[in-house]
Every structure is written in structure tokens, then in C-alpha cells.
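Some structures are shown below for you to check.
Two complexes follow with subunit A in common, the first pairing it with subunit B and the second with subunit C.
After this line comes the complex of A and B, so read on.
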């Protein structure tokens, strides 16, 4: 890879794309910083692939602009954008060897033979496939094909690397391995990565930032921990990890938070630096299962509920319980197995507790 | 389920199948038998076999000229049909909308409309364009009527072509021309070759259009056989017919071999 400035920034401004009445992209704006690993996360049909394809130039947006380093590129055809792209299913050329596949972007740019030789070998070294240069794609495993696709998309030092669910076809173990590899590769080459996936674990573990999409809109974006700990909406809280949702009315304002009441139960909820919701308003609080503890005795959490264990399952490192409470119905709880001592039993009465800062007030959509 | 797929088929069905095969193939084999006759007229061999009519085929100027005419016309019309048909199929595939489906259907008209009707139309047209009894006229007519075969086979090949390969090529910086040359064509080549073989065979044994638009100047092989049957009963025609059949069979075998390689 050449030295010097490699990463570029990209700005998407007010992008919309309609298919008839259906808005695949609805006024989407997004700033991708130089050299960052940004993930577009969302369920299928949320518009994440349409957004990626608009950036690549395969989808012509109806409104809005795309700027690379402050220059509009919206009018450029895909072949003039100089973006590397890794497709779902890799899209390797079946009639070419690994070497010829990786050499393709350099050959169409009419680079000298010696340079092609050097760059392709360097790229194949980078993905540890130098020994497979004369194989055909069909002779390689899924993971190897994926690495060839990466080498091909990076060999010409593109402005950006776009990845469309590149790991979705692989089995779980291999996927984990390649996630780590992709992360290392990103650090090493310094390119700006835009990554599309519907897999929340992939998004959380790999990205510098995540933009969560739904119905053609970006509903929230930020660092993975930010999104996980402070989801803005019920959808984000549920799509990234799992959540309990406590509904109730705002009963009282207290210092730094409020009290939510529902069927006689009162729950204190901290609000951080946000604004307290008005008294009497219906609100939803998202509560992560692992932030709830089983309080046998001793602990004095801010909130305490009583219930009985309805279900439990063992996952080695943790127990996952469903506790039936009178006031809030079924509540999912995850506790570290080593802390719990003996296995729980269905029907056993328990008290569950959490602190006022554990939950997050979320918008109800 | 039976271990042998043929075990469940009754004798009646199998006899029927063999009868149909004989019905299809026997008339052709008779041509081979007649071509080695020892008699001076079209007939089965009587006292022995003779290769004299193959010899006269090799030495006859008239037959040579006709074979040459047929080869030149078939080669030229195939070239036109392959280029135009392939581009048409790729264009329709890229658009992928309702209009492109209509175009693809329109391309099949030459094999749907009865050849006599089509030939009559071409005749009227060629009279105005002064293309009657010219090489150009026959080549264009055969190219147009050979086009459907190319459009069909290339469209079929494209149906199995992953459109992401085209997107990949473009995203890697290839122009549309480079993408066509380096990615699309190599991947659909078996379909293109199939289409070429069918277009060639079509022109090679086409008679009706030639009867309408060619006179004395352009004299193709099927035309000479036709005239030979009408005017004389020279068994050389059987020898020619054998050569014609063998050429077609060889081309079809090549096509099957290419298809077999593709499915590997």
C-alpha cells in the first residue's frame, strides 16, 4: 500500500430514494470520518443496502448529495468513484485465477506489468493467500474467497472500502475469526470502512461507530457502547442486544430523575443530563437483563421487585431467567453463573433489584 | 422408489420410444444408403456399394461452387447474427424491464412467422432495395432469421450470470466496454458459441428464403439439391445430403460438448 494520505471522509446530505410511493431512503444525512469503521445496522428493508449502493453509485438517489472530502460525487458513475467494494457472496470473477481477480482493478487502470505484479503480491500477502495465487475461486473455501474479495477491493488504494454483509455466508466460527481479521486489517491500512450488516454482535464488536437504520431513516448513530447503554428509542434498545421495557406514568420528580409508577409499583429512574418528562406522562424505560441482580439478601438496590422464576436456562457463563412479577409481568434477567451458586428452580420466589441509573428512558417507537 | 430409473417403465412405453426414434432417424439413414448406390439414378444399392458419387461430388465444379457459396453465406450471416444478437440480449438483460421483454419477444418473430410468409416479405423488400440475387441480400436475410437463436441462447446464459459480477467490475474501475469484454462475454461465451452454431446450421440448410430471393447468381447447397431433385435424379445429391447431415451432426456434437463443459 502506498504511504501518505489514505483515509477520506464522506458526507451524505439529505439523501432520498423512492421506488414509487415507497421511500427506501428518507432524507438521510450522515458524516463518515476519515479512517473510521462505520457500520450501517438495521433489519432487512431498512434501507442500509440502498444507502451503501447510493454511495457506490449503483443507485441514483432522487434527492440529496454525496460529498467526498467536500466534493460532490453524486453525478459520477460507479467506475469513476474509486471506491473498493466487497459484495455479499464476494462476486469473484469465476473465469479468472485469484491473481487475475486481484489484478483486475490495476489492469483496467492500465498500470505497468511490474507494478501490477508487486501490488497484487503485496495484497495477497496481506490476506495470507500468496500461495493460492493460481487457483480459481471455486477451488477456495468461503473464508478464502472472502479474503480474495478484500484483497481485490483494496489493491488499488480506493478512497473508501464499502462492505455489503461480507460475512453473512460464513458459518459462525469462521465469521468470528474473519471479524477479528477485518478489524486488524482496518487498523493496518487506515482506509475508511463503511460496513453493512444486520448482525448486532458484528456491529458492536467491529465498529468505531454504528448508524442504526429503520424504514429508510437513521434512527440513532454513535459509538457502540453509547448506543448500547443509551439507546434513544425502543427499537434501538431491542435491536441492539435485548431489553426489558417498563411502562408507566411519571408519578413524581426527584433530584436527578423521576419516579415511574405502574400498578402500584414505584420505580426510580435517573435521567442524567436530559430533561425530566412532565408529570403524568406515559413513558417507557428500557432495562438490560444483565443490569438486574437477584438480591437474596444484603444488597440495597434503588429498585426492588418480587416475583417467581418462570423459566431459566444455563449458558455456561451465565443463567438467563424469566421472572414473573405482579406489576410488570415477565422480566428477563441475566446473572453470571459463578455468582449464583446453586442453579435456580422454576417456581422459586425471588427478589430482583437494579439501580436508578441502570435503565434508560427511551422514545416509544 | 426403484433403484433403476428405467425399471418402472413398461415395455409398451419403451417400444413406443424406439419407434419414434426410428421414425425420426431412418429417413436420414436412407440418404446414406442411397449415396453409396451402384445405379445411375436415385435408388438403394443393388449389386454392390460404390463411392462413385462421392468422387463426382469432389470433382464437380458446380457442387464446389455451391458449397463455397453456402459456407461464405453461413459464416458471414452467423457473424452478423452473433454480434447483433449478443448485444441485443445483453441490452435487454441490463434494462430488465417490461419493454426489454417485449423486444426479446419481437426478436423471436422470424421463427414464429411461417418461413414462406417471411420470405415473401423479404422478397418484396429486397426488390426495392435491389438486393435480389446478391450475396449481401442472402447474408442479411439469413442473419436476420438466425438472430433468434443467438438471442435465445445468450439470454439463457445471462439468466445464470450473477449481476453482481458486473457491479463488481464497475466498482473496481472498469468502464462499460471493459466490463463487457473482460467479465460479461467470457462468462456467457458457451451461450454465444451455442447461438453461433445454431445460426450457422440455420443458414447452412436454409432453402425457402433462398428460393425467393436468389436466382442464378447465388446458388447455395440446399438450392442445388432442390434443383437437382426437380431436374435430374443424380445420386450425387444423396452424397451431398450425407455431407450436409454429417456437418450438422458434428456441429451439434460440438455444442453438446461445450454445454457439458459448462455444467461441470
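After this line comes the complex of A and C, so read on.
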């Protein structure tokens, strides 16, 4: 292992973990690049913690390997992996002061006292808790405890920083604040972060890359915008943001895409660089509500549907509408409030439209 | 009155039962009066069976054979009392230390055992509490005496040439006492260990501590309140222990409780006996006062 360098890359290769018959991890492979902020996102029970704990060394995988800078670390006990870890609930040592908590990893590494002083103070400065150094964890607020846990996990310049839902216990405002703080910290320190959450907004706003997990597998990974705009499956489209799903059969191939038909309606759908699905195949297209526009007049979108506003709600910045269409049933539409002018009315007939490139062909699972 | 109300309202709903709510209201009137009314039997019992005898003991200790503190002067002057107090202190301290070490190991195993194993282990801890201390002392007597099971095994297997004297000395007393005290050591330590967040231990490992460092620097300090509590509890019990020292000590190892019995029943020096009893009560009271500064007594003695 190269010492002194900040940020390391990690490769997880074909990792499986069984509890009896049940596969908590099922052949998971993942490459984490140097200095990257990678988020594991998935519903409860999808195996995020199990994967993180395998990387940290607390869970012994049944199959597969974990490589740090191309060297296998799967056989190492947790204390020799040199990873910083922030547990869900922080796991601060209640009998030690903030200073002693943060000094712990340095003390077990037998660093000289002067170095411990300097590094702990620097770490506490970084998380803006220098003034609380001699408090005990129970005397701190949730957000402060979280920052102590962070300082403790980073003070010894670990090879990786592993964070298991570090913000889930906090209220919404504080969470937003600490999200920004974490992001800044990541930029400044340059460590490789592996971050677990089941909060999609958190994942989208903080990560360089997201790996979406389901039933012990990684179903898709990529940059946040990539996952949001081009989800591979219905599950990903639904889990990251909201989506409409248009089902139909492939009716015709056209230049750069195909036509999907359902109950007489024809919808043209662009295809990026992938294969066009064969004629007659049942397909699903995911369509984000905000990519649909209410076309009162003027605009000529590629696809146009008529319907009736079934319900609507106001969110300050936007209206969220549900439009009942004859062909596809209820379609969710989000429009910026400033564009819409008059508030919509239930029962009002409208035309909705979107471009062929707005939707994404997704696998139906 | 209840039956009349029930007759008027043939199907009273439980929540809105008028007779019940008026009864409750009447009882709530003068809540503190009701509190004392309910407390009275317990208080009366305490006064008759504890406070009165103990104050009698205190009274006798300063009036018999003549008024004054001369009984208490014996604490400073009498060589035989010194010897007995030293024996009592030595046995109590050693018993407490040995009990704590064993109890810690058992509690640690209990906390880390699987659900099924834990249930069986708990049974093993609790069942001895149901067996009379007298029976247990005699059981140890049977095991430990010169021709007892343990010496027989040691002799026939050739470990020792002549039987070990395991009984009628301090060793025997301590074996019996440690055995008796173990549940009282295990339970408080276990209760405390169970509350320790296991993630703290994992966090310590993740931060670079080896298994033993994580134990020494995190688990052990966090389990200390339980150990201190159990220690004082066991020590207090040990100080006043009577049956086991009397049987396994064989009259040669005199601890304070047996000494008091001898003073009162055999040499009939009530003044000295009650003085020692009073001393014991005072020492235990002081220990409790110290203990209450470290741990929540109510938790230690099993209430919420």
C-alpha cells in the first residue's frame, strides 16, 4: 500500500454473503475510484450495510474479493484495513471526551503526544468543534455528535471513509446543512468516500457516483444525472425521483428511435446508442413528470396526449398535476408555477406533450 | 350502589362507566392522604420488624452493662475483636474480588451468547438462588472434606499425596461464600454490559484497535459501573454472612456475624454483641451512601 498518498481506489469483485439460504449480497462487483464520493443507495434490506461492513471487515463474505489499490484485503481484520468508519448512530465512546474520542485512533497507533495534540485539534477545527473538546458526547447535540464521529473517522488519514447513513437521525434542516458540510469536507480533504443512504435526494446532491442496490445486487451505477436521466430499469426510475411508465408494443422503427403504440395512441421514443427493440415487443418507457409540458397552444412536441386534470397540488415552486388520459390512464405532470400562470382547475381539459428524447426505455423490473 | 347503577344502564361501556369514574374521582380527592393510607401497612411492618429492633440494638449497645460508650472502646482495645474484624475484612475483600472476576467472565459470556444458550446459562445462574444457603453449605462440606469427592479425585489421580485441607479454614469459607455470592455479582454486571452499545466495540476495531485493545479501552471502562455496584453489593453481603462461615469455618474462622452470636447466646455479653451489630449496620449504611454516589441504587436492586 502506498503510504502518504491521500485517496485510494477500491475494487469489490464478485462479493457474495449468505445468511443461511438468503443472499444478503449476491455477486456484487464495484469499482471505487481515488477521491471519489460514491453513494450506495437502495431500499431497506437491500444489502447496503452488509456491503459496507464487508468492506470494513466486520462481515466475512462467503465469496469474492476486496482489493485496495490492487491488493487483496479480504483476509485482514478490521483494525488493519485503516478505513475510517462513521456508524449509523455514531457509536461515540460515551466515557471519553470529544478530544479523547478523536484521539483514539491515533493513540492505538501509538503516535507521539505532540502529534496527537496537533492532529486532533486540526480535525476538530475542520468540523468546527474546537471549543467543545472537553465535553462528553452526551453533552452534544445530534449534529455535533455526528461531526465528532466524522472527525474521529478522518483524523488518522484513513485509506477510505465509510459512512453508514450518518445523517438519518437528524432533522431536515440540520441534515441539509451537514450535507453541504460533508461535501465541502470531501472536496477539501480529497479522501475516498463510500456513503450509504436510502434518501434519494441526498444521493443525488452529494455523490460523484451512485450505485443503486436491490436484493443484494447492484442494479445500476453511474453519475447522478446519468442515473436520473437514463435509468436502466423501472425500479431505478421509480426509486430515484418519480416517473410515469408508458407500456405498449413496438409498432414501427423510425430513424433514431421507434414508435410505441397502446390503445390506438402512438408515441415516438428516441433511442440513444442502444439497440432498437424488435417489432411487436412489449416495452416500458419511463417518463419524468417534469419533462412533460402542458401545451395550451403554440409548441409542437413530438408526442401529444389529451386528458383532464384529475387533481393538482401547489408546491410553491411548482404545480404537480395528475392528468387522466384515455390511453395511458393517470399521468403525473410537474410544471413550474411561474410558467403556468393561472392555477389549474380539476376537470379542466388539457393537452400534454413531450419530446421523443424525454423518455427512457427501461427494463420492466 | 353499583348494582343499582348497572340496573339503570344495562350495558355500561367500560370506558364511560359512571360508577367507576365517580369512584376514581372520590379516591383522587386528597391524593396524598390516600398515598399515606396505602403506605401505612408497609411502614408499620418496617417499624415493627426493622426500625424498632435496630434501635433497641443501638440502645442496648450504649446502656449494657452500664450507660456509656465503653462497649465501643473495645473496638480499639480488644485484641480478639481486632483479630475477628481483620478476618472478616480479609475474607470479605477476597470473596468480593474473586466473585467479581468470576462474575465478570460469566456476565461477559452471557452477553455474547446466542439466544438459546443464554436462556440455559441464566437458569444456571438463577437456580442456586432457590436452594437454601444451608443446603449449599452442607453440599460444599460433603465435596470439600478430607474424604470428600474433590480430595478423593485428587488423591486417586495422583495430583496430591495427602488430602488438602479445603474446609474448616478460610479457604473453605471463601469457596462457599463465592459460590453463594456469584448471582449477586453476575446480575448487576450483566445488566450493565447488556446496555453497552456493541457498535462502540466495532467502532474501536474499525479505528485501529485490536480485539484486546477494544476490550481494555472501551468495553472494560464502560462496564465499570456494573462492577463497582456488584462489588459493593457483594462486599456488604459478605460482611454480615453467617451460615456459610459457621458451617465451613468449623468454629475456627470467626467472622463478625458468628462472633456476635457467640457473644449473645454463649457468653451472654449483650453489650458487646449489640455494639458489633451496631457497627456492622453503620458500616453498611456508610457503604450504601458511598455506593449511591456512583450508581443508581434503584437500578442495582432491580426496580425500574
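Quick notes
Here, the second predicted complex is superposed on the first by the 361 of 365 C-alpha atoms of A that agree within 3 Å, B and C clash if a C-alpha of one lies under 4 Å from a C-alpha of the other, contacts with A are read in each partner's own complex, and residues count from 1 in each chain.
Assume a contact is a pair of C-beta atoms (placed from the backbone, for glycine too) under 8 Å apart; a residue touches a chain by one contact, two chains touch by 3 or more.
Predicted model, so just to flag it, every value in this text is computed and none were measured.
After superposition onto subunit A, the partners subunit B and subunit C occupy overlapping space and clash. Of the two partner chains placed by superposition, subunit B and subunit C are both touched by A:87.
When the two structures are aligned on the shared chain, A:247 is found in touch with neither subunit B nor subunit C. Of the two partner chains placed by the overlay, neither subunit B nor subunit C lies in contact with A:187.
Contacts of A:156 after superposition on the shared chain: both subunit B and subunit C are touched. Within the superposed three-chain model, A:339 lies out of touch with both subunit B and subunit C [touch as defined at top].
Contact with neither subunit B nor subunit C is seen for A:306 once the two complexes are overlaid on the shared chain. Overlap of the subunit B and subunit C interfaces on subunit A comprises residues 56-58, 77-79, 82-85, 87, 89, 91-95, 104-105, 108-109, 152-153, 156.
The residues of subunit A lying in touch with subunit B in their complex are 56-58, 77-85, 87-89, 91-95, 104-105, 107-109, 152-153, 156, 162. Residues of subunit A touching subunit C in their complex: 56-58, 77-79, 82-85, 87, 89, 91-95, 104-105, 108-109, 152-153, 156. Against subunit A, in their complex, subunit C makes its touches with residues 197, 199-200, 202-211, 213, 217-218, 221-222. Contact residues on subunit B toward subunit A in their complex (touch as defined above): 162, 164-165, 167-176, 178, 182-183, 186-187.
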